[in-house]
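Following are the structures in question.
Look at the two complexes coming up: subunit A is in both, with subunit B in one and subunit C in the other.
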Partner chain A sequence: MSDILSVHKVESGYGEVGVLHGMDLQCRTSKVTALVGSNGAGKSTLMRTIAGLLPNTKGSIHFDGEVIDKLPSHARVEKGLIMVPEGRLVFSDLTVADNLRTGSVNVRAREHWQSTITEVYDLFPRLYERQRQLAGSLSGGEQQMLALGRGLMGLPKMLLLDEPTLGLAPAIAKQIFKVMPALVERGISIFLAEQDLYRTLEIADYAFVVENGKIIMHDTGKVLKNDPKITNAYLGDSKS
Partner chain B sequence: MTALNGILKDRVLLIFLTSLVLTVFVPDLFGSYWAIVALNLMMWVSLTQSWTLFSGMTGYISLGHVVFYGIGAYVVASTFKVLPLWVSIPLGGVVAGVLALLVAIPVLRVRGPYFVILTFGLAELVKYIVLNVETSIGKSSRLLFGAPTIETLLYIMIGLAVIATLMTKLVSQSRFGRGLSAIRDDEITAETVGVPVVKYKITAFTLSAVIPGMVGGVIALKSTYFEVLQVFNPVISFTVVTMAIIGGSGDVRGPFMGAAFLLLLSELFWATIPQIYMILVGLFLIVFVVFAPNGIAAILWPARSRDSQ
Partner chain C sequence: MDLLLSPQLLFSALVLGSTYALVALGLNLVYGTMRLLNIAHGDLIMVGAYAAFWFFTLSGLSPIIGLPLIALICAGLGLILYFAIFRHQLENVHPVERIEANSLLLFFAVSVIVQNVVALSFSGSPRAYRHLDEVYHLLGVSMTANRIAALVVAVTLLSAVVLFLNRSHYGLSISALIQNKTAAKIVGINVSKIQILSFTIGFAIAGVAGALISMTEQISPFMGFPFTIVAFVVIILGGLGNIKGGIAAGLLLGFVEIYVVVLTSANFRSILIYGLFVGVLLLRPQGLFGKTRAS
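Take a look at the complex of A and B:
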């Protein structure tokens, strides 16, 4: 099995402030790879760097057999590398249906939007019910579904999910996690950054633990889940 | 040409453009005083429409748009009698566009209040550079003898107002314009769905500078002299922003309503009670921002304004 994404010695940050100090990781094709770590460890920074919202100052990023780290963000979207940003960023003045359509503006996905939108509605019936409603009037969980659905509208080969359950009620977070295996079944690879350690390791085929901008451990989700170092000492309580 | 078809079917736009064009009869019907008023109105319409193309659509508020106007005026004034006007006026537009393109790359890296301050500072910087260049070559101001008549300038300005309106309308209805609106709503989200944000912002900024460059040239000819502090006056930038806010930038008629409203106000009060005029403008600005943030256009034509946003 091959790696769809590989990050090699990547350094990145904001202006003079370095956040990532030589990140190394690989994501398998059609698997869920997780990135776990505490607040401020560099999860979002890595996600943004992979998506092209931040430039990497050193190292390289390969996606689907190509070097992509010099490409602008929209070119990465064209290649099928799509990020769902943290904080449920939806266009609040547009309807649910229009928000979804914005996800398919890239050339590869444009023609197929009608069939894709039915698939998205199948995955999230709630969005189908609310398709004519303004996105701003949705609940937090629905907005997250919408952001995820919008990502799918771009026909991703890989989805970068940055904290998709942040601030959501546990029941809704559960729904979001439940969708992921269905996506993997469709051949989509997922790279998931999360703070919800227990559920994340449960679902992840492989996981990387990040601390201070570096990978400090990596193993299969199962192994890490049972590693006392992780569950107790490092990431604190994980009962939820 | 679906875009062209869309325009031919857009009755509101066609009526609006026709009424702009009909101002060609103002000098004959109402005399030269009103010709100048019409010229001023067309100037503000052109400037405000152009400003809307970038700032209205992206939400990046430029407080330095006068720099393009000033540079265009400078091009026309400094090449007066050297180049024919049909070359120098468009050249003013081109130079303004190139200036915008050059400054866009660093300036568009910052957002929000930083962008506002930077555009303002940049306009002031260019103003003093031009002032120093002029002083060092011994020109405190330039007189432009033998400029075209007010009527001729009015016709040119009407043309510019029509072009500016069409440009803004075409852009707002295109994929490019949708991308700009996405940037205004949420730039990061826009980027993650695949809008080429950097390219779009630079293109829009450049486009929005071209018409003001030409307008500046025409206005220099109207006043028949060129004085740096006057054509780079930051109040021009403020006025454009005020007009866009009062008129509303979600509808093609918004910038016109804003320009007409402020001009009417100034015609009524500027000569009689100049002390009160600026206070009134300030009051209206506050009232509009608080109670009608989408401007006159959104009050008069609510549904349509929302559509075109």
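Take a look at the complex of A and C:
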């Protein structure tokens, strides 16, 4: 088993404000790795740093055997590292179909876009029905499917999913979680940051717990789910 | 009433409207993709007009044939300015509001420098040339060949840009970047490449607009400012960064100007343009065709 992504002593943040203070973690190839922790712990900051939206001030990031932390974000997409951002960030004035096409502008994916879009429509028939509609007119759940579909259009080796179920109805959140194993089966590695701790640990092969910009614990999803420290701190008594 | 329905007036409105649409298109591309407020836009139109004038005067080259060359000159000027001044702003200045403010001042400097260089080189007095000014009569409309040519070129270029934005992956990337820069980076768009492309295309279109204008109007080093104003009025009416909205607003402004001047008097032209502008903004602050943009 090899690591597709490894983050080594990474420090990053916004301007003068440091958010990550020496992050260390590894993600296995074709597995679901989870990043859990409370709001403000640094989950999104790490995701944005790995995707190249924020520079890391210290440390290094390796992806698929190469150092990528000096590359601009589009070059990371080119290598197959693709983020589905928090808040979805679909292009609301473009149609669903055009949104999906933007996902395949990278050179590696461009020529395959027609076959990829068919696969995405198979995965999310809802998007097929709405392909001519403007993305801004979709519901939150549909926009999340669109953001995920747009990510898949880039032919990812690894998807960075940043809070994919935030603000969604439980039924739709469940649907999003159901898609992930299907993606892993296709050989895509997943790095998932989520606030729905219970479902996340259920699905994750391995998970890291982040607090104040540092990893404080890591283990398999199964072990962490049954760890009283985790359940008390993040889940409350009702679900433990 | 007969006057209002006359094809002559319709033709004039179409010529003016398509020119306005073209004038504004270049500005809209530069603002939409980079949030650079190019108040030197009218001066690029002036550069295009002078290029057309000199090519014609010195070598007899028709501005219509010389359009690619004129576009290339303005695109080259754009490239120089981009790498000399604006790349640094785009890469190192945050947040975007500060880029807008800085760009306004920088382009003001560019405007003053370009105007004065042209005035020093070719004097400040107005110039004109006669080309394609034979009159044709068609469907009861008398029109000079240069106006017909300007209309045809403008409409062709506007359609080509809309097609390019809709069909090519570059066009798709430009549309995506106009809407949301962060999302554009995330999906793998090479943002700086698309910005250079938009910057050069925007400048090239301004040059072409200037060449077309020079065929029918007097040119001078200080002719640019009214076009800068028209361009801003049009893109704000159409919704900032909304390319198709801007084209529609340009045509609309041309029609309103021609028809209201006929109904009232040419003295009301400026009052009219600004009145329409203020009126629309009071009722629809996002512009006539503006959409709410998440950025």
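Note that the second predicted complex is superposed on the first by the 233 of 240 C-alpha atoms of A that agree within 3 Å, B and C clash if a C-alpha of one lies under 4 Å from a C-alpha of the other, contacts with A are read in each partner's own complex, and residues count from 1 in each chain.
Following the convention adopted for this analysis, a residue touches a chain if its C-beta (ideal position, glycine included) is under 8 Å from a C-beta of that chain, and two chains touch if they have at least 3 such contacts.
Everything quoted here is computed from the prediction, not taken from an experiment.
Participant: Should the pairing of subunit B and subunit C on subunit A count as a clash or a fit in the superposition?
Facilitator: Clash - subunit B and subunit C, as placed by superposing on subunit A, overlap.
Participant: Of the two partner chains, subunit B (first) and subunit C (second), which one does A:H74 touch, if any: first, second, both, or neither?
Facilitator: both
Participant: In the superposed arrangement, which partner chain does A:A97 touch: subunit B (first), subunit C (second), both, or neither?
Facilitator: neither
Participant: Going by the contact rule set out at the top, does A:L89 touch subunit B (first), subunit C (second), both, or neither?
Facilitator: A:L89: touches subunit B and subunit C.
Participant: Where on subunit A do the contacts from subunit B and from subunit C line up?
Facilitator: 51-53, 72-74, 77-78, 82-83, 85, 89-94, 102-103, 105-106, 150, 154
Participant: Please output the residues of subunit A touching subunit C within their complex, sorted ascending.
Facilitator: Touch residues, subunit A against subunit C: 51-53, 72-74, 77-78, 82-83, 85, 89-94, 98, 101-103, 105-106, 109-110, 136, 150, 154.
Participant: Residue numbers of subunit B touching subunit A in their complex, please.
Facilitator: 175, 178-179, 182, 185-186, 188-189, 191-199, 309
Participant: Spell out the residues on subunit C that touch subunit A in their complex, using ranges where they run on.
Facilitator: Touch residues, subunit C against subunit A: 169, 172-173, 175-176, 179-180, 182-192, 291, 293-294.
Participant: Provide the residue numbers of subunit A that touch subunit B in the complex, in ascending order.
Facilitator: Against subunit B, the touching part of subunit A is residues 51-53, 72-74, 77-78, 82-85, 89-94, 102-103, 105-106, 150-151, 154.
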